[in-house]
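Each of the two complexes below includes chain A, the first together with chain B, the second together with chain C.
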Partner chain A sequence: MSIMSSYARALAAQEGRAQPVATVRHVHLSAAPMVFIPLRLAGEAAAPLAAMVGTDPENPRLLVVPQPRNRDLRFAFMAELADVMLPYIEGFAEVVETVEAKTPYERYADAPQILVPSRGGVAFTKLLGRSTRFRRADGPYPVHPTVPVLGQWLTFFADRAEYAGSSALVAMTDALALHFATGQSPMEDANLATQLAWISPPDGQSGAKAALAAEDPLISPPAGPDTHPDFDGQVLEHAIRAYETSGSEAQVREALRSQLTPTWSLMWHAVRLLRGLPEAATVDVRWVRDREQFTRETARLAEGGSPRGRVDSAVRAAIRLADLESVVQTYEAQRAFDDPLVMIEHRVAGKAFTGEVVGVDAARRIVPAGKTRPAPRPLVTIRTSDPVRLSPGRKLFSSRNRKQRTEVVGIDGDLVVLQINDQMGRGASPAPGSLPEVGDVVCYAELDPGGGQRPRLPAGEDTPWTHGGPPTPYTPTDEDAEEAWS
Partner chain B sequence: MNRLDTLRGPVAPLDHNARTIAALAVNPGCDRRALLDAAGVDKQKTAAYVGHPAPFGQSPFAITRAASFDALVKANGCAHLLRLLRETLGLSISEAAYADISDVGGNDSHQMRHTRTRALLKRAAAGGDGSCTLFDHPLLKLTVAGHEVYLEPSIIAFQIEGRFHVVEIKSFAVVDDQADAGQVAAAARQSAVYVHALRELFAAEGLDPERVSHDVVLVCPKDFANHPTATLLDVRQQLAALRRQLSRLTRIDRILEELPADFTFDLETQSPDEVGKAVGSVGARFAPECLSSCEMALFCRAEARGDGSTDLLGRTARDALGGLESIPAVLGLADESRPPSPEQLEIAEQLRYVRRLYTEAIA
Partner chain C sequence: MIAETPAQAAAAATEAILADFTGGAHRGVIVDSPPGAGKTTLVVTAATTLADSGERLMIVAQTNEQVDDLADKLASKAPALTIGRLHSDGFSVPARVTRHPGVTASNKIEHVEACTVVIATADKWAYVTGRTWTWAIVDEAYQMRSDKLLAIAALFDRALFVGDPGQLDPFSVVDTERWAGLAWDPMQSAVAVIARLNNLPVHRLPVSWRLPASAAPLVSEAFYPFASFRSGTAAADRELRLTTAGFPVPWDRTLNEAAASGWALHELPSRHTIRTDAEAVQACAGLATRLLQRGAVAHDENGSHDVSPDRIAIGCAHNDQVAAIRAAGIPAGVTVDTANRLQGREYDVTIVLHPLSGRRDATAFHLESGRLCVLTSRHRHACIVVARAGIAELLDNHPSTGRVQLNVPVKFPDGWEANHAVLAHLSRHRIEA
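This part shows the complex of A and B:
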């Protein structure tokens, strides 16, 4: 945590209300996101207990497993969940747009978005996907045909959630923490109810007091996936027993509805809060990635693509890791250039600065290293009051032109001299408008929105012996399909 | 009656366990917790009595599941465990004896069980005929902050390749060879306590402590089934941390010296207000992490809030704010309403700068 966000937290504690740490919204919010609040039975790895799910705030679907230890009931629950989720997900695979490129390609105009309360919800979604994607509709333990399809989709969403800046599956507490600093600790922010209490306390109440009230599990039951131990012992245990003796799930349903409804309201409250913020400039660029990935996954599944194996092969894991790192870098840079409040963190750290252009040497031409002919390499001098901690040679980008490469030539007191390296047109002198002008207020940062280069990796079949040699591609097995789920 | 008994009042002391010691070692500077634990005070009751009941508990479902998994692994003289030690870990164990030390001839007092554990372990270490023995319900003893506590690891296995191993049975799942990092870390910290206690016992008996392996056998359910799987968990790092923290633990005597002779947390003779004052008069070091491990956490948090302490914002925030202790001090230095002391000059300058940029950006 940076000194800026820590300062904002201190301010929030003092003011009794969360303070902004962003001026624009950095997550994509779909017009009709699907809110998904899954619960599991305490002590079990992935025994679904209930879920509240839907796209209409007024009309949630409540799904329950009246006896969570019963395997058949679990699969019935997953089939019911598939009934709700698959039409929503597959509904986006209808409107197509064609992308103009060297080889034009098609992608869906929009994509599904699932919102869960916290990171626990993301992790549980991943486990639900893992425990259902290998199942089969035939064989010794057949399940409903939609169950493995849902398993593949849940796996896809949980995987996307690991990519920085993806909005396909969002943990609400993370989305809120991107925009608000509360007066409590990041650990306590993982509780959606207390986090929201700080952000929008009831009229006349301080955030601290509202958060304290929101900690009462009777007012705000846990947002899952784990239920409150007292609820388990005092209510749920009896309700499950009642189901076993009477065969009626009414009592379990009502008990779980009471635990889920408050979180359902909080989720939609949070959606409204985030909608109130104007969307940041690059949110759409990132959502396009989510749409493209959704398009690819739809096509893969349509071709009968087999479920993702239990463990990635070496090359695939290396590619994935490189991609994860590269999107983090891009996302950090985009967020900072989109939002002056986020840029402060980098300015305070000395990695970015804002100032006024006081001199431009547009006519400067030198012979760049490795070249034979002189080329334009203008110098721009900026006066800043920021504590710049950059040494000559560091590569900088600016919010003015996020593609233009520049480098630090020298720093003298409050003057920083930069050399502009590209994006000046093909002429002998820089194209008009390609350089900042004297009097402009500019912001330069050691942040590269282009992301890193993915390292060159061998093809799967050329995997060296050090990494296990060429992997045997995953083929679904009977054991996987019949795996115990007890 | 010694001072600690007076503190607790006329009720039986609560036992320390590996979890509480691990938690203590996570926050070694907290005198309050050290004293309450040393005196065996029931923190859960005390916290509820002073109006700040503990924010956590255990679900009956989780307890049932843990107990049934434990029973499964230990069934038939630890048959499952032996198979795992052989197959999964590739250890050469031909056959094994099984010794249950949950009572000694019908006597289940801690003293008796510990003496028996000691005798059995000593005999096993001295004999060394290569056969394996699994000790179920052993009872170890450890001195924590000048106070002796008993500890009960799941199982101690002797001997695997000539060494003693602590076996820890946990009911969280290992899915595709991956388990929840937080739970594994907690298991490693707890197991380290057992390894440490076992090594102390060896040292006290004049045996080589290194005969206790730093590799703990962690037994968990595999994937989504109830079937156990085993992994070796290297706890050297946790051991080193634990040893360092235990040596740093404030001596209870030092804390007691500063308290009046009739000082007590006795819930029967004292009003909630008096108990609250008594608890409050022993220094605490609150961190949000306490909320998941210490029963007194909500009491301490309320106290920290009353003081406007930066501890409320979390350890990283506190560090980022240059270790300043109070929120009003942070904001006072930032808006220049409070003059910085010489050692605060640097952080004060940073805070003024942050405040200026922050105010500009949200304007």
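This part shows the complex of A and C:
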């Protein structure tokens, strides 16, 4: 935890209420998100027990597996889930917009968004995808044809969730923690009920007291995927036995409805809370990436794309790692430049500073390293009271122009001298407006929203000897489809 | 049998490495080198040997500083060699490289590819396409992430991978559990991947020329349990003498102990602190200042010299600690840096802010054996560790419990155990502040 977030937590504990750590909303919130609360059978890795799912707060759909140890019933459950999710997901693959680029291309105007209560929900979504995407509608142990399709989509969402700033599959507790610091530990924040109790306690009650009350599993049952052991032993066990003797699902359904409904209300309460915050400037830029990935996946599946292999090849892994790292860097920078409250964290750490411009040497020209002719390299002097911990040569960007490269030339007391390196037009002197002016209040930070240039990696079939040579391409087999599912 | 001298042992190892590398039986040869074991010398020898037989080769290092060091050493030792220093756009090559007439520096491969030896960072090599070399030397290969090797492996047929296995593992800011257990997990070091996927000979350099006789046994035992090495010098060869007597105060007593034994633990009272613990920071800066004030003189196998500020380093775990120590006022010229940046460097005296000092918990980051290994193996004469009391208890309260994952090779040494080994040794040189 950084000093700022520790401070915000201490303040929250003292005030008895969660404290804002963001002034704007950094996650995209769809007009019609799908809330998905899955439960699994205790002791099993991926045996679904129930799910509450839907896009209408007033009208949740409850799906249950009346005997979760019966594999046929599990697949029937997955087919039912596909009935709810696939129309929602595929419904976005209709309205297309054309993007003007060197080679114009098309992407869908909107994309599906799935909200789960916590990281456990994301991990379970991934497991459900993993256990259904290799299934087949024909051959041994056939399943309903929509089951493997749903498996591919769940895999897609869980994959996207690994990318920083993606809003395709969001864990609600993470989204709330981005905007509110509670008076409890980050570990306790993984409980949606107590986290929300800190953020919006009932009138006249402190967050701590409300959170304590919310810990009661009778009032707020666990948000999943694991159920409460008391519920398992005292309620679920009997309900399942009743199903086995009578063949009626009613008792199991009622039991699970009681476990899921409180979380369902909390999820929509959290959605309303987040909607109350104005959207940050770059949220849409990131959502465009989600839309583009959704477009690509739709096209891939339409062409009969085979399910993703279980393991990444050497080249795929390296590319993915580079992608993941570059989006983390971009996301960190975008969030800080979008939100002064986030930037404070970097200012406290000495990686960023805000101050007033006290001098501009716009006429300065030098011969840059590796060049032969002089070029404009103006100097800007800024007075700041921030604890700057940057050394000469460090590359900075500013909220004024996020593309303009600058570097630290020197720091003397409270004065920081920066050299501006580009984005000044083609003329012999800097274009008007391309430099800050004396009296401007500016913020510079060692955060690069650009993501940077990357060298190309070899194609998969050119994998060098050092990494085991070219891998055999993955094709799903019957054996994959028969894999035990527990 | 007559015992080999260190020099004979080192020469025999070098000979065996070159025979394996140039012999042609393997596409790659791995050389594990403990701190200060003459790794650079080996690279220079291998390069000149190949060049002498009319071969062209490429050399890969990880940072621009390493590349410049190598280019400088290579050009000094073999002035007749043509060396191409390939660098990125906008980088200015330091004078210690450009002063050699044999060196051509450019940011374009076309300008330097005719040179017998072309040398660049792995990042720069990744942009070179359409050319191949028969021979390559990859320096600091344990610092190199395997995805970087993937980007450049098509450029060469055969390679010598040289590095220090005790140093810090590559790291990433993202969660990489997805690939844990895969032989080509991109988070592993380049050496780990090639060793798992290819059956390559592994050599070891047996002698550390940097570490004094007081340090080599501890570093070898704590951090290289299965690849022991010895010091190239005897205890009598190295001496650190303080020309003034000093006062009976903790700082001076710590310096006396370090000068006399090669180690000192400057122990502050036990307390949980923030990372930039003001007292510990003050002690690091103060010890460096006092060391210079007291006029230290170092005697070694090459003669005697005053310990000047550029021969002293202060190492710590985090960047904010570096900034705090700099802000606390240190003599001009003394290096202050994190373990990551001190890798591969050498000083007469190092002052280390213990990564676990004042902490409440022992995380994997702070327990990583490589971090402590780098910090305690940069010195030729003495190493002073500044720490809060209570680290041993902290370790006992946080036994090492990393998640066990399938197919992930067990890593030695265990950071927890290495930390205890170093602490046990340091407790014999403790000065309470």
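Everything that follows uses one rule, which is that the second predicted complex is superposed on the first by the 480 of 486 C-alpha atoms of A that agree within 3 Å, B and C clash if a C-alpha of one lies under 4 Å from a C-alpha of the other, contacts with A are read in each partner's own complex, and residues count from 1 in each chain.
One rule holds for everything that comes next: a residue touches a chain if its C-beta (ideal position, glycine included) is under 8 Å from a C-beta of that chain, and two chains touch if they have at least 3 such contacts.
The model shown is predicted, which means the values in this text are computed figures rather than measured ones.
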First, second, both or neither for A:311, with chain B first and chain C second: both
Contacts of A:465 with chain B and chain C, given as first, second, both or neither: second
Chain B versus chain C as contact partner of A:349, first or second or both or neither: second
Which of chain B and chain C A:14 touches, first, second, both or neither: first
Touching partner for A:184 - first (chain B), second (chain C), both, neither: first
Most chain A residues touched (candidates chain B, chain C): B
Contacts of A:457 with chain B and chain C, given as first, second, both or neither: second
Partner chain(s) touched by A:328 [first = chain B, second = chain C, both, neither]: second
Touching partner for A:237 - first (chain B), second (chain C), both, neither: first
Chain B/chain C common contact set on chain A: 3, 311
Complex interface listing, chain C residues touching chain A: 27-28, 89-92, 107, 123, 126-127, 129, 146-147, 149-151, 153-154, 159, 172-176, 178-179, 182-187, 190, 193-194, 197-198, 274, 319-320, 323
Chain B to chain A touching residues, read off their complex: 55-66, 171-173, 175-177, 221, 223-227, 288-289, 291, 305, 308, 310, 312-314, 316-318, 320-321, 327-328, 330-331, 334, 350-351, 353-355, 357-358, 361-362
Residue ranges of chain A touching chain B (in the complex, touch as defined): 1-11, 13-14, 20, 23, 41-46, 127, 130-131, 183-188, 208, 215, 226-227, 229-230, 232-233, 236-237, 310-311, 340-341, 344, 347-348, 387, 483-486
Residue numbers on chain A that touch chain C, as the complex places them: 3, 162, 164, 311-315, 317-318, 321-322, 324-325, 328-329, 349-350, 368-370, 389, 455-458, 462-468
